[in-house]
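Several structures are given next for inspection.
Paired with subunit B in one complex and with subunit C in the other, subunit A is shared by the two complexes that follow.
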Partner chain A sequence: MSSADRVSSRQLVLLLAPALVLVLLLFGGGFAYSVLQSLGWQPLIGRTTLSLDAYHNLLFAPAYQEVFWSGLIFSLWVSTASTLLSAVLAVLIALLIHQAVQRSQLWSFLFQFNLPVPHLVAAIGMLFLLSQSGLVSRGTAALGLTTTPADFPVLVRDTSGIGIIIAYVWKEMPFIGVIVFGVLKSLNASVVQAARNLGANGWQRFRYIILPLIAPSLLSSSLIVFAFTFGAYEIPALLGVRYPRALPVTALFLFNDADLNSRTEAMALSVLITLVTSMVIGGYLWLRGIAQRLG
Partner chain B sequence: MAARHRSTAWLRTLTLVFISMVLVAPLIAFLLNAFARSWFYPHLIPQQWTLEAWARILSPQSDVLQAMGNSLLIAGVVTPTALLVGLPAGRALGLYTFRGKRLVEFLLLLPAIVPPLAVSMGLAVNFLRWGLAGNWVGVSIAHLVPVLPYTILIFSGIFNQYSLEHEQQARALGAKSWAVIWYVTLPLIKPGIVVAGLFAFLISWSQYLLTLLIGSGRVITLPILLFSSAAGGNNLTIAAQAILFTAPALLLLLVTNRLLSTDAVSGLGRL
Partner chain C sequence: MRFKVWLMVIMISLFTRVAFAQESLEAPPGFASWDDVLSQANGQTVNWYLYGGSDAINGFVDTFYAPLLAEEYGITLNRVPVADTVDAVNQVLSEAEAGVAENSGAVDLIWINGENFFTLQQANLLYGPWAKTIPNSVLVDWDNPAINLDFGRPVDGYESPWSSAQFHFIYDSARIAEANLPRSFAELTAWIQANPGRFTYIAPGPGGYMGTRFVKQIFFELSGGQDQWLGDFNPTLYNGWAPQVWALLNDWSADLWRQGATYPANENEMRDLFANSEVDFAFTQEISGASVYINDGRLPETARAFAFTENMIGDFNYVAIPANAAHKAAALVLANLILQPNLQAAQVLPENGFGLGFGIDVSRVTETSDRLVLEESAANLGAGAADPAELAAALVSDLAAEYQTRVEADWEAYVLRR
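Then we have the complex of A and B:
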């Protein structure tokens, strides 16, 4: 490893430059331009003065206020519920698979298999399954629980976002689960056995041995899920309603508006979405820093 | 005691079977819908079957084939580009420690966490001015944003467990730099190249929002077509397109399940 540590800075620059230039130019440039446009910079329609008007409009102007605040609450609700449900279910299932004596390979494969299914497909799948004449509704009819499609609850395109949450949990639970399962696999079984011998019951073994071990990866994967679900478009666009509407859907709606003036608000809204997720992730990193310093 | 043990084991298996069914259910719904001619409520399976959707997809004037062609073209350009750019960066991050490494890592991986909306909108407006909006070239360049973090992450993991000894021996024996790269480095990291390439392909293949914004509705890839079908098409068409769109991802998982580490597998969750 000592020889690996010696590398000329010229070599390093050559290795890293293409990736850094592309990311800074495309990602950094794209984001910077969004911020600039959200401040009113629109040379195409002759606006070159900067102001915070668009942000003020979103938060307080009658034309946007209602859509913004209801959308913010809706998006926060959907992301929080999806993240918590996915995390709890993921831990339960990862534990189940870990403890399953037989065929744990098969289960963990089944558990992984919907990971590469795109979010767009997850949304469409939920339309087929959960609409009032969907597959699940036909199942409840076969069981005699319902007799007409109208008896089945409205789960997709509903006002409280149930369909969106179910689609996200379906997609994100295995994501958190695979990460937690990876930690569980590396867990030393003798520690758990020792705790059992000392008389620790199932809950105590989970609370004092397993949970502290999986906590860091559980937290970071849950945060990724929160950040993703808060800023993603496809699932709320296909499974949501007009009001209340998730913030990313409103942002794209404003962006595509024929009136180029609302593009400023669209940019401001997507900058605000980025700000919320950055605050959540920044807050977590800050808290983790404090926890590490405390020991 | 043994009886109780057996009954909890049964309960566990039953729960796992139920969960697997929930996870597979949407795909079953696609398979049933993609071949259903008539399927009235409350029938659990279609009353009449048809291959109509597939015949339409294979017909010469099929919009699906054209969209798949566009998707393949874009992913086919994005994948080698991402490998060429991601491999050296991953090598630098995986092999060496240097000042500012944390910052470089943070910058390169940031696009994987930040919501794509703001970046995509800013890019779309800029690409419009540079003539890169509304064509596959611009869309391919834009796809590098979500793709690069993952290729870099995979290569940095590979190079983290890589020893420079073989390269040094080859050089000591007089091999030129291109020969070292071609005969030593590339064969050693071949599994990493395969995984990173498949990832790059899949991430590009799955992009909806970025393609929509940069392509200005003129670059019709498979997800763009699928989304507009889903917003107002018939179930037969939607299901068949959804199957075509999902198939490469599932095939990849089947083929490479043993190649993928936990990190890599979890990366798939971001599609």
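Then we have the complex of A and C:
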């Protein structure tokens, strides 16, 4: 890059300003208001004194704590499992398409076609497909493998979140895949070829050449998936059970409670969800910083 | 054809209704008289927020109310479908938080239930009292506690009834003979033990008020009657019976659908389980029972409805006007229109898709032709409806709102998470 192309930091701020204003106003404004409400700000019902009661209630009060802690574990499990599975499968399939199928347009289309499908539609699709009286179950019944709906394994609305994870993997795998695929496409084929000539086997070529190149985009896209799945509502609401239930579902339950006082806990829970996601992203940035310092 | 006949009936009775102009009713707050309401309403668009998840109900509103509003009152009906009534409530709350000015809110009328009524009353965001000022309010039995209390809370003129509902069951006569139906919770317990995996109930909680109602009815039966539960929340009474109810439900769970690991969240999920033959009963609130769903093909022709011999909770549902509504006049006219006898007669007929019961008291209708239409409707609820006498015999009213909150929280703690 020549110095003429380089933008000054002032220019950079100006160029980023429209996007930043939008983010700060819409996200920052909304978040600040949530924090305020989580502290008990409810002028509509005459509550204007601020306290940390709602946070204390969620973490320790008998009425909330079991739902909170079980929900936290459930949400962490679902998001971690969905993210890891999506990432591993995305890399595998992206490599397969990239190498074995010679960048076939058809295969890459098939791999990515569900990107624009809304999560809500994905969830309802899974329900139709995998529930005990769903399409697959009817197929197995027609083949004589099962006789009643109850014979079919519980894949959606199950207590361990399998249905939610399946739906997330189906949706997020192509998202990570499309990013990894993009890096693979721009990869200089001669580097891999050189390694092959020097006697590196498939695993070594992946481990020492391809993985380091795709790692930054793989990690950042996985983080986006983790943050999204941890905070998203619709798939766990449709494919989950009442207990244990994901934190965002509980947050909306509380928000929509007939008693407006519950909104304080709803907002506190939303803030806690944001906090967990921020901690994961902060942890990643910190580790990356260390890794970079270590060279 | 049927529709034309209805239009004729509606037109004829409209002429008779005009002569009814009441003298003794007070004017709604902010208006000089009912005529003032009518003249201000002319040319307005009324934004009616109501649950939009049923094509049949949407069709009923568009077919029966919209043309009449336009032709007779010069009002345009804008039906705003919401996934859950709480969405409409949140709209009103957000407008209040954002400081939207008086008389410029987006919501003019809400089809509302007890919980959401409580929420808006808590924030003092409802217009009123107006329910006894609309002309057709004379047809409403305001002395009936099932009407003047909503989930145990005084209505005080801040909402006006639309229709009625009563908890009962749907079954498939091709699967179970009528003679073998359980008619009490004791018989249901025996049925569940004899048919493992074939029964479930709606989880009491958000979206699952019918499940809450189901559990409340167990309290009534175990404690030997509903009378003692009326009035304010009685913690001693509740705490005395609650452990027995949770023990019964826990005894059931091994023989329930999915061994009680999970429960359907609302009546639609439960009806789907029933339609897919995963379970043998569904809950309904509709006076026409299974008829509406037989008509639209979602339940088999052999689906029927039945009630236990006692303790089946019935109640009314209402419409309310937010305090910041932009078109209160048109909302009042619409709230009055839906109580008109011929339209009340139309709403119970299963082929019209609404399927809920009368909001008015038929005995208060003085016009003979109207009476006939109402009685004829009541006699034509379809093969999927339960015997009205059976329902009437089992009818009890709902309880103070605190019971709902307690039942939902305790069921989750002592049955679901056990």
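By our rule, the second predicted complex is superposed on the first by the 256 of 295 C-alpha atoms of A that agree within 3 Å, B and C clash if a C-alpha of one lies under 4 Å from a C-alpha of the other, contacts with A are read in each partner's own complex, and residues count from 1 in each chain.
Here is the rule we use: a contact is a pair of C-beta atoms (placed from the backbone, for glycine too) under 8 Å apart; a residue touches a chain by one contact, two chains touch by 3 or more.
Note that the structure is a prediction, hence the values are computed from the model and not measured.
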| item | value |
| --- | --- |
| Subunit B versus subunit C as contact partner of A:Val117, first or second or both or neither | first |
| Touched partner set for A:Gly139, first subunit B, second subunit C, both or neither | first |
| Which superposed partner A:Val88 touches (first subunit B, second subunit C, both, neither) | neither |
| Partner chain in contact with A:Leu219 - subunit B first, subunit C second, else both or neither | neither |
| Partner chain(s) touched by A:Ala258 [first = subunit B, second = subunit C, both, neither] | second |
| Subunit B versus subunit C as contact partner of A:Pro149, first or second or both or neither | both |
| First, second, both or neither for A:Trp107, with subunit B first and subunit C second | first |
| Partner chain in contact with A:Ala200 - subunit B first, subunit C second, else both or neither | neither |
| When both partners are placed on the shared chain, which of subunit B and subunit C touches more of subunit A | B |
| Touched partner set for A:Leu187, first subunit B, second subunit C, both or neither | neither |
| Doubly contacted residues of subunit A, that is, touched by subunit B and again by subunit C | 133, 149 |
| Of subunit A, residues touching subunit B in the complex | 3-5, 7, 9, 12, 14-16, 18-20, 22-24, 26-27, 29-37, 93, 96-97, 99-101, 107, 109-129, 133-135, 137-139, 141-142, 149, 170-172, 174-175, 178-179, 181-182, 221, 224, 227-228, 230-234, 238, 248, 251-252, 255, 266-267, 270-271, 273-274, 277-278, 281 |
| Subunit C residues touching subunit A - in the complex, by the definition given at the top | 84, 86, 90, 93, 96-97, 115-116, 118-119, 122-125, 197, 203, 205-206, 257-258, 261-263, 265, 272-273, 276-278, 401, 405, 409, 412-413, 416-417 |
| Subunit B - residues contacting subunit A, complex | 9, 12-13, 15-16, 19-20, 22-30, 32-33, 41-44, 84-86, 88-89, 91-93, 95-98, 104, 107-108, 110-111, 113-123, 125-126, 141-142, 144-145, 148, 152, 164, 168, 202, 206, 208-209, 213, 223, 226-227, 230-231, 235, 238-239, 242, 245-246, 249-250, 252-253, 257, 262-263, 265-266, 268-271 |
| Subunit C-touching residues of subunit A, taken from the complex the two chains share | 43-45, 63, 66-67, 132-133, 148-150, 154, 157-159, 241-243, 253, 256-260 |
